[in-house]
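Please read the structure below before turning to the comments.
Letters A, B, C, D and E name the chains as they come in the text, with residue numbers starting at 1 for each one.
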Amino acid sequence: MSPVPILAVRDLSVRLGGRKGFLQRTILPVQAVKQVSLDLRAGEILSLVGESGCGKTTLGRTILGLQRESAGEILLEGRTVSGLAPEAARRARSIVQYAHQDAGAALDPWWSIGRTLEEGLLIHGVRNASERRDRVAAMLQAVGLDATSARRYPHEFSGGQLRRLALARILLLQPRVLILDEPTSGLDMSVQATVLNLLLELRERFALTYLFISHDLSVVERLSDRVAIMYLGRIVESGPAKQVFAQPTHPYTRTLLAAAPRLTGRRASGPSLVRGDPPNPTLVLPGCAFFDRCPVAMPVCQEAPPRLEPVAPGHDVACYGAFIEQTASIGAKRRA
Amino acid sequence: MMPVLSVRGLKVSIRTDEGMAEILDDVGLELERGRILGVVGESGCGKSTLIRAIMGILPRGATIDRGEVWFEGENLLAFSEAELNDQVRSSRIGFIPQDPLLALNPVFKVGTQMLEVMRWHAPDAKDPTGPRGGARRKAHVARLVGLLRRMQVPDPETALERYPHQFSGGQRQRLLIAAALACAPGLVIADEPTTALDVTTQHQILLLLRELVAEFGISLMFVTHDFGVVAELCDDLCVIYAGQTVEKGPVQAILEAPSHPYTRALLACHPDRATTFLGIPGSVPSPLARPPGCLFAPRCTDARTLCLAGRPPQGLAPSGAEVRCVQFA
Amino acid sequence: MLRFVLRRCILVLPSLFGLLLVTFLLIRVVPSDPAMALAGDAATPEQIERLRQQYGLDRPIWEQFAVYVGKVATLDLGESAFSRRPVAVDIAQRLPATLALTFCALAISVFVGVPLGVIAGLTHNAWPDYLLRVFSVLGIAVAAFWFAIMLQLLFSMELGWLPLRGELSPTMQRPPRVTGFMVVDALIAGRFDVFTDALRHLVLPAVTLSLGGLATIVRFTRAGVLDTLQQDFVFYERAMGYRRRRLVWIYVLRNSVTATVTQIGLLFGGLIAGGVVVEAIFDWPGIGSYTVQAILTGDRQVMLAVTLLVGTVYAVVNILIDLVHGLLDPRLMERA
Amino acid sequence: RTASAADASTFVSGFGLPANLDPHQVYDVPMQAMMLNAYDNLYRYQNDPPQIVPWLAESHTVTPDGLVWEFKLRSGIKFHDGSPMTSEDVVYSFRRMLALGLAPAGAFLKILKPESVTAVDPLTVRFKLETAYAPFFAAIPSISIVNPRMIEPNVKSGDWGKSWLASNGAGSGSYRIVPAGYRPLEYLDMEIFDDHFMGWAHNPKPVRKLACRPTRETSTRVLALLNGSLDCTDNNLPADQVAQINASKIAYVQKDMVMRIFIIRMNNTKPPFDNLNARLCFAHAFNYMGFINDILGGYATRDPYPMPDNLWGIPKDAKGYDYDLKKAKEYYAKAVAQGAPMKRPVELHVQSENEQSVQGAQLFQSDLAQIGINMKVVGNIWSNLTAAAAKPDTTPDMWVHWVSTYFVDPENWVGQMYDSQFHGTWKASAYYKNPEVDTLLRKARTTIKQEDREPLYQEAIRKIMADSPDIWVYNSMQLQGLNKRVKGRRFCTVGQGAEMRWITLDG
Amino acid sequence: MIHILRKLSRDLPAMLGLGIVLFVLVLAILGPLLAPYPEDAAASHLTRRLRPPSAAYPFGTDNLGRDIFSRVILGARGALSIALTVVSTAMLIGVPLGLIAGYRGGWVSEGIMRVTDVVLAIPQLVLALALAQLMSPSLESAMLALSLTYWPFFTRIVYAETRRLSASLFVDALRGIGAGTSRIVFLHILPNALSPVIVRATIGLGFTILVAAVLGFLGMGATPPAPDWGLAIAESRTYLPRAWWYATFPGLAILITVMGFNLLGDGLRDIVDPRIRRSR
């Protein structure tokens, strides 16, 4: 792995919405992403996991350049690409591409697949029509669709096929980093498997790096090199996938893992780890956002948001409790 | 023991622009009293249609060609619309819909909608001796508030006065569960009630459902596409493929030793079990043109010529599950 | 709620000012000379010149506009060049008649149109739907005055059930003017003979005027019902055993009529304009015929005043419509 | 079965209403009809053909130079409020009329100063004119005498009670305006004034209540007449409705000759209309008799003069122009030879709401097309047309209108139409200028005796007709639908049969 | 396209509408060839005024003795051209404005929408009068007046649609692959926003014919002797109720044409509206 991450995000914050108008109810902006830092190394799969509304999509769109960051820095191969106006930002980040959460809705229903796919090439300066057609045909084949698909329209495809089309569309632009926003949500198990398989294949073939956004822990566990758990706009835990799944440290991560349904069947039902509802993102709390749902909350948690601190090499957690636990366990080791 | 609900050989087709679509071909299942039956199948296999057929709310153009739906000893298919309304819906069969976001009428207060149901279907609704009018309404409100409290809906007293959009997704699903239980039905049918929810919320709802089944002594038919959920919640399982029941039996048995090639393939795709992500080759046959023979044969790795001869009969697998496959015929 | 209304009311003012300016400029184009009209048929050129000075018509247009706006702000709408009466008085006398007619027509459109629209929606693509669609389109397509004459021939001439023209029979003693609405004033005066007579006079014009609106309401209600019937909650409500009638006429309908209500707002403007023909045929003493008279006589003050009036009514109705929307759909009120 | 709205003593009239009720502000045909009932005048036109007869005044005298006129009032005249009418009231009325300077003042402004109207004694009024003006006497019936005692309390900032009188009555006429019984253009209710100075002895069963309900649409008008809810229509019934009404049991159509001529104006300043031959070409291309006989059903008389043919002052021997396309073609050729741009597309403006002019225009158009003239019919509205007519360059090539009787004198027609001093008013919008004609007309205007004036007008008209500045088509026959119960109606071209005091209702 | 036609063929009223529209189109194109008395567009025949329908004159004759049947046929071209001109002009103004207002947002959008509000409130008659004077009263001025009062409807529709679409995922995806504003607006949003526009337009076609008739009657529209349906109705009013055929046949022509456009428009809406499409 190269020493310079292909994509680095430093203390990124994003504010969304908000309205103040004459005689109108003022709507406060949503702090959708708060001081997020991520490193994505070439060739790896980094998964971003979190509940609905925690800011995963917003983070992805901001990295892509569709959403303007309110603070922080984004570096592509060491170059700063943040702080630009939206269209300039998008141009500077053309090696990053994004696959939408809802692949079907991301296609113009009035355009045939062929035209839609060619359009990307056209925008990126491929003027020769036959070259475009050839490349589209080749790409369709690469994602496992036959060339006749080019003549059809989005509504004529199934969910799994639409994901393939969405991938084909952005792969034509020869990206190096792909942000995959829940690429398997809403798919059947069998289809999901084929799509995941395709993703792995394509990664090999085109030397891609993935930022994989998902809430499906089973998939994430199997697929990713590293994971980052997000809660209400913040990364609360990040580290190598194996380690995080083996030793979930943040109480939220544990909650998530406990809640995920597993084929292994009925876990001992007892008082559940999970309490309360997913949080309201407009709420601004001074302390840890997970405070009200946390089974091990302490008074200090209410005062200031905990910062990400390493608990093991490459494994960072933002939790006062984890830190105490760790020092305690270190102390115990010393004592032992 | 007689099952609460038993569906036998149900066949439903819908007239479409392209022709007659056989949505359900041959579905059979039994739900014993006090148990939870999981109905699993891929998208489009006819799960919702099955529910609609049971509750008598098939879309326009749909016909039941064959089959029986027995509920507490009565054939529901013989009921008229009015009879179903009077005697079955809500009062004896509760329903929990898939998407809590869309299932509540956005422009009416939650209480209005729930009380509308109770007004016609609550156990005391047709009781001439009980309280009437305002008093009865008050009793209904009291029961609802109690239920909502049981469902851990915050502020159950004021909840009835609020509109659906003022609740979060999980809360709305709890409201819908409360509505399903409001008239104390013996059977509750849930159509993928947790797919639209977060894992943490889903987990809470599943726990809640399990508690309710025990507490209220109801039987639950739980439709889903997620084996994980089934494993966690259900006692029995019924796997549907392209409008046919392909395997049914106790959950444990099937998960441990799936017998039908489809069940096996599907389970093999699950990330918890998959060695590699491969999926099942091919695709589900179109309901407009069902192939002869076993419907899974075109995708089956063990397919033999016999499979193409005709629809395979039900057989008993060693695991104790009933399986529709020539292997066990 | 109050804030919402206030905000809307204040925001309307610039629009009304713009409307006034545009109309003022437009009317300058019209050569018909108020002075000429004032002077009358046998006027000498000197007479006309004198009047022109008297009314400030020889001054620069901006000055005239400023003077006019100043007057409007104090609710002085000037004097009609044709009748030489204060425009405000003329309008105040005629507005109730027009409003009565418009509201009756609207009421007919709504109370007949909404149920028909619902029926059409319920029987989508079956015979009742086809018939209602053709019928409702007939309503838009039939020339109002032709239809009016047919009504007159049938109900006044042939059957003799209803009066042919006017607002009240010539032999009826008018009740003292309180509200200006004949029907209301009759009731206030306790004159039931006048009340029924006035009501009988309303029927034919209101029915004629309601036709166009009726058709529009049928089609929008139908579309709304079709749309609502697709919603998941209808399926849910059926599954829960809602009584069919209540389901359709309460639960589905309330969701379906938002678009219809918007149309009522747009219709209102059209109804006031459409009143021209109806008022002419039934000799209805309303604003429509007054406007035509003003146009035929080049009466600028009246044209301006009527424009302002229609604009204001239009704005008020649309604010009301927004309020109704808010009442129908609680989500909207919260967004506002 | 019929919706008969009227009871035995109520008359429902379909006449149009004037723009407002003040007879000193408005003067047109509807006002004539209104004021004949609500107000009185010193003299009044009666009968058909019209004669000017003493009314409030018993008699009058005039000095031979035509400058000083004295009118002697009858005694015992009462206004509607019961107060007696004196010469002071007459003076007030004329001064008010002059001060307002609106429509009815047209004939007086130049010749009469307010201070020259004086009361000599309680029953004598004296007018001292600035210059001799023969039509003065003919215009006297256009001025209503109003009651200052009712007006003065309602005067606002020196407006002579203008805004009050616009919606109220202050007269002495046979009928009194019912308070709150008026809404402009919509209705006017009047009731009988029992104390009218002429008394009601002549009419044992007069109309006691007069309900004016102007009816805008012809079809409604006809239907209302046929079902008995109107006792009379207005006086412009289209000829095509006559047969149907006459066939009914309940109503009939009354035909009366009026003094109202139909003219197709030509703008003599715009080529080709500045060329005599071109104008003659157009004058020969209109199918006069076809229009009168077929479209108007014969309910009009061909009138080739710029005056009603039933008025004095017409050179009876003068020959008008006939419909003759051959001649028209000859004139066309002559005009072209003289360089007139006959190929230029010309416009004929009509009031679109006036069916008759529209038909005439189309008839004219299809005939002109046959001789190769491209004429376009343009629909327009009256106020724009009169405004456009104020300048020669905005005046259309041709336009169509009537000239009705405001006062019964040649001045009302030929005098105001062809004397170049009136250029700028719509009546003179032919922009015809002939110094000889000017001299003749001006002389006729200042000559007092009718016998002396008549030859002057005849001479002027001959010259004008030779120049063919306009196309004169017909003199109108008025068609009015009446309920059969209406008896005793007296017709006069001024007021057009709207004077109600003569009418009895049968049954 | 074929898809739409196939759907349409199942919708009886819409097919009826399509049939009528096609029929009127044929009349408009071939009118002078089909009319028994094509010269009656301008000629007048005083000897046969106001004749009731007969074999020679199936719809009777009018106030100048012209064959109403011929004039109804000849009028189709005028009616269609008024309708098409007005609606397309209104679309040309209204659609781009709606697109800009919807996509740009901010004060540009506020400004455009406020102007739209103002124009919506201008009485059609007053505007028509002013234009009639600016350009001299004619059919052209009437058509311009109608276009100028009709465009706000399109602006409103397109504005709402554009707002909805520019928040939609596929536009977002286009921005994601680097598509420029004009490409997104004209190649993607416009076609997607067009279906309600088309529906409104077909309805507007009928509506225009009717309003043009009213303007003609007030002297601000078609001028005689044009064989205009609206004008014929306006002219016929003086002869009612006796000469019933004079108003009835041009009235029927308008009725049927307007009905055709409306039925077609309704049918199209049912088909292009994806929400209703789902139900089939």
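Please note the rule applied: a contact is a pair of C-beta atoms (placed from the backbone, for glycine too) under 8 Å apart; a residue touches a chain by one contact, two chains touch by 3 or more.
All values reported here derive from a predicted model rather than from experimental measurement.
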Chains touching both chain C and chain D, listed by label: E
Shortest chain-hopping distance from chain B out to chain D: 2
Separation of mean Cα positions, chain E and chain B [Å, integer]: 52
Where chain A and chain D are represented by their mean Cα positions, the distance between them in whole Å: 89
Centroid spacing, where centroids are CA-atom means, of chain A and chain C in whole angstrom: 55
Residue list for chain C, restricted to those that touch at least two other chains: 30-31, 145, 149, 153, 295-296
Shared-contact residues (touching 2 or more other chains) in chain B: none
Residues of chain E touching at least two other chains: 10, 129, 133, 218, 237, 240-241
Footprint of chain D on chain C - complex, ascending: 30-33, 36-48, 50-51, 79, 82-86, 90, 93-94, 145, 149, 152-153, 156-157, 160, 163-167, 169-171, 174, 176-177, 280-283, 285, 289-290, 293, 295-299
Chain C contact footprint on chain B (complex, rising order): 55, 57, 81, 84-85, 88-91, 95, 97-99, 102-108, 113, 116-117, 120-121, 163, 165, 176, 179
Chain D to chain C touching residues, read off their complex: 1-3, 5-7, 10, 12, 19-20, 22, 25-28, 101-107, 109-110, 162-163, 166-167, 180-181, 183-187, 211, 213-217, 219-220, 223-224, 226-227, 229, 353, 381-384, 386-388, 390, 394, 406, 416, 422, 424-425, 427
Parts of chain A lying in touch with chain E, wherever the complex brings them together: 61, 64, 66, 87, 90-91, 94, 97-98, 100-102, 105-111, 119-120, 123-124, 166, 169-170, 173
Of chain E, residues touching chain C in the complex: 10-13, 16, 114-115, 117-127, 129-131, 133-134, 203, 206-207, 210, 213-214, 218, 233, 237, 240-241, 247-248, 251, 254-259, 262-263, 266, 269-270, 273, 275-276, 278-279
